[in-house]
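Next come two complexes built around chain A: one with chain B, the other with chain C.
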Partner chain A sequence: MKSRHAEPAWMRVVVAVAVKDLRIEFRTRARSFTMAGFVVLVGVLFNYSIDQTLVRPQEIASGLTWITLILSGLIGVGRTFTIEARDGAFEGLLLTPAPRDAIYLGKVIANFLLVYAIVLLTVGVFGIFFHLDYGNHPLALLLCLAAGTLGFVALATLFGALTASTSLGESLLPILLFPLLVPMVVYGASASGRLLAGRPITEVMGQMRMLTAFAVLALGAGAALFGQIVED
Partner chain B sequence: MLPAGRITTVLGPNGAGKSTLLRLLAGSLRPTAGSMSWEGKPLDTRSAQWRARLGVLSHQTHLYLPLTARENLAFHARMRGIETVDLNEALDKVGLSDRAHDRVEGFSRGMRQRLALARTLLHDPEVVLLDEPFTGLDARASRLLEGVLRGLRDGRRSVVLVTHALAEGLALADHLLILVRGRIALDTDAGALDPAGFAEEYHRVVDEAENPAESHR
Partner chain C sequence: MKGRTGWIGVALALAGVAMSLVTLWLVFFRVGTDFRQGIVQRIFYLHVPAAWVAFMAFGIVALASAVYLWLGDERADMAALSAAEGGMVFTAIVLTSGPLWGKIAWGTYWTWEPRLTLTLLLGFIYVGYMMVRRATESPERGKRFAAVVGIIGAINIPLIHMSVYWFRSLHPDPVVLKPDGPTLDADMLQTLLVGLVAFTLLFTGLMILRYRVERARHALDIREAT
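Moving on, here comes the complex of A and B:
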């Protein structure tokens, strides 16, 4: 028999899945428009709900940014597998011999780029509404948010796969996810708060390391467990 | 038994377990009892090796609707590690070469089904599982599918065809199974059956399997 039994190259699967997800998002804008709309709406609401004569936005911007990251991220990542479920596309993907951890990482990359773009929008929108000064270390702030976004996306993609097949679906995702995100929010909000306050980078190195460790652990756990979750 | 170069047609009423059988073979479901073997060895239907040998066309097309026909096939080829494949030829075989760059969401049900067939056969699988492949196909596309299935038989592929279409199922079959309530009610060579009286024979087998007490009166 001349059937082609090639093992798909791991990295090619990662790239192909990421490119496919981004291409679908670029064409449908199903998630990005909703997430971007949410961020702008949150910015407007915070702008009117916070009395800036009593509270300095610079002091609370960190917490607001992380809350917005998680909530807008949930809107986007939570729908990853809903889109995949149309016409059984994800089931078809699972019928191929493609390594499951490679599929997972491809989806994480696409989700990360999508959510991080929304994080950058959040930073811009909040900067405009609250006249924020991003201090002496804007790059460190963006790195801190990138590490947090990666950790969030790694877990949300894994749990998104878990909840997609349940009848509760997207409503179950935050219930499962929020408790696990607590360490990330604690370290992330603390680090970005200090950076926004103009404190030296050396003061946040510990939190940055913890954030990075959280992201790496979440990625590793996701890659290891994704196959089990989607097969069962 | 799924011998090479033979089409096994599986018939049966709704709920008989035809699609479940295909899902078990495809590894989408785990068996709660029993075992499967392939070429004399225990079969792990969830192994990458088995999936590489398998082509599945199910009720759902497994296509990404926002992608074009060509992009769907290219993505599927990458997921199967196929480096060199002529996508134009694959699309031409199912009569979609002129729609290669159109998004699938604009396709009719029949066109999606044809594209799904191209995707199923792209990696030249040894075992082909087809669940109601004639659904949504017009007469021309049905003839095309029949030709493809005969080509698979000639190419020594093992084909399992689940269908409600008695005449088409029998016409294509080398081997025929009738499932009723998850059990095999008839297991026979298709050549032993008379096409003219097959519909009557089918209903008799199903009725006997569904109402064994009445059939013995």
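Moving on, here comes the complex of A and C:
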């Protein structure tokens, strides 16, 4: 029973927060259902927004996927902290001696799994809607989307916590987030676009590296600054 | 105007205004006309110094924000806010003078020229910085939030810069007339340098004066609270 009174090990906090968030999501299914419905319906709207006599949907599918990732991610991540604002649940979490960066990383992991699941759904649905054949390196495509999702979630979780305690709420999130997402969209859409077009993997290595650098930088900055946001 | 910083601010701002007038005189009466671009090139002497100040101001915002989060010193936050407001003004100058020049030199108000894009995004990061400050119940929290936005923005700007340049290399723009060679005529360089000094002085002076306003407001808040 020694560990009960000791300061909770950092890694255990990360896992506990991630599991807690995922359990809430699993029981309510509130975010996953709305996000899933969102991406399918966005696919439908995209289909009717493309005049197929002018442009082939396959050519712009990569860009559409990244935009859908961002918009559906906003719906999901934006709510992370508003859910917990009720009944002072998040204040309770902050009253524990849990390190702030561990709470942040736990939330990032939970949000990542949620958003990435939706990204996979998006790729599947768009694949059916727009007849994509996923190129020669489907694994690299999934990896590239994973790196992008991680960078997005790292920033969105940080700014989600920030906007949740402002009077403007989630409507402020795009203003803060979108300018910073430009590198992710530039490298991500290029890499996945080329992979979808069947180009060799060597052609996207540079973009993949930049996407990873973006994610690592976002995670580091988020972990370092999260404490400043949640402190009263 | 009590205290030394006030007079320094006034002196710098006045020197900036005087130098700006000198810059205008040089631009309109002294410097030679660019033989390829013609008269429109003269906007360059205001545009480039404004861009330099806009980015320098953001550097100050980020540094002062980091100091504020680190030491919790109110003065650092006031400096960051003053630099951000000044920076926004000069960003606005860049974003109006750039497209005006572009319309004549490139034939379009807007292209995805990387520096133009970067400045637009910088402007939006400034907007986010200002909005966050005013959107919290406790002003202290708003300052911390703004500092976080300022720091993350500064970390991200080099990445944005790299990515928009890289994107540009994918799409060479056919209408672009390459604006400036690396070699600039001596009188052009001179005018540009005068402009740079003028805008830097103007910005520094205005920032100091703005800082003093913020400090006076802070002192008033404390007096009213007690």
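One rule holds in what follows: the second predicted complex is superposed on the first by the 225 of 232 C-alpha atoms of A that agree within 3 Å, B and C clash if a C-alpha of one lies under 4 Å from a C-alpha of the other, contacts with A are read in each partner's own complex, and residues count from 1 in each chain.
We take it that contacts are C-beta pairs under 8 Å (C-beta built on N, C-alpha and C of every residue); 3 or more make two chains touch, one makes a residue touch a chain.
Remember, it's a predicted structure, so these values are computed and weren't measured experimentally.
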So, after the overlay on chain A, do chain B and chain C clash or fit? They fit
Ask   = Which holds for A:86: it touches chain B only (first), chain C only (second), both, or neither?
value = first
*asked:* Touch test for A:175: chain B only (first), chain C only (second), both, or neither?
replied: second
With chain A at the apex, the angle to the CA centres of chain B and chain C, rounded to a multiple of 10 degrees, reads 90
| message | For A:16 in the superposed arrangement: first (chain B), second (chain C), both or neither? | response | first
Applying the document's definition of touch, where does A:28 land relative to chain B and chain C: first, second, both, or neither? first
Which of the two partners, first being chain B and second being chain C, lies in contact with A:190: first, second, both, or neither?
second
Which partner chains sit in contact with A:95 here, chain B, chain C, both or neither? Use first/second/both/neither.
first
Using the superposition on chain A described above, determine whether A:54 touches chain B (first), chain C (second), both, or neither. neither
Min C-alpha distance chain B to chain C after superposition on A, in Å, is 10
Dual-contact residues of chain A, meaning touching chain B and chain C, are 231-232
Per the touch rule, the chain A residues reaching chain C in their complex are 155, 158, 162, 165-168, 172, 175-176, 178-180, 182-183, 186-187, 190, 210, 213-214, 217, 221, 225, 228-229, 231-232
Note: in the complex, chain B contacts chain A through residues 4, 26-28, 30, 46, 48-49, 51-54, 56, 58-67, 71, 75-76, 78-83, 103, 112, 119, 123-126, 156
The chain C residues in contact with chain A across the complex are 69, 117, 121, 124-125, 127-128, 131-132, 135-137, 141, 144-145, 147-149, 151-153, 155-156, 159-160, 162-164, 166-167, 170
The chain A residues in contact with chain B across the complex are 1-9, 12-13, 16, 20, 23-24, 27-28, 86-89, 91-99, 231-232
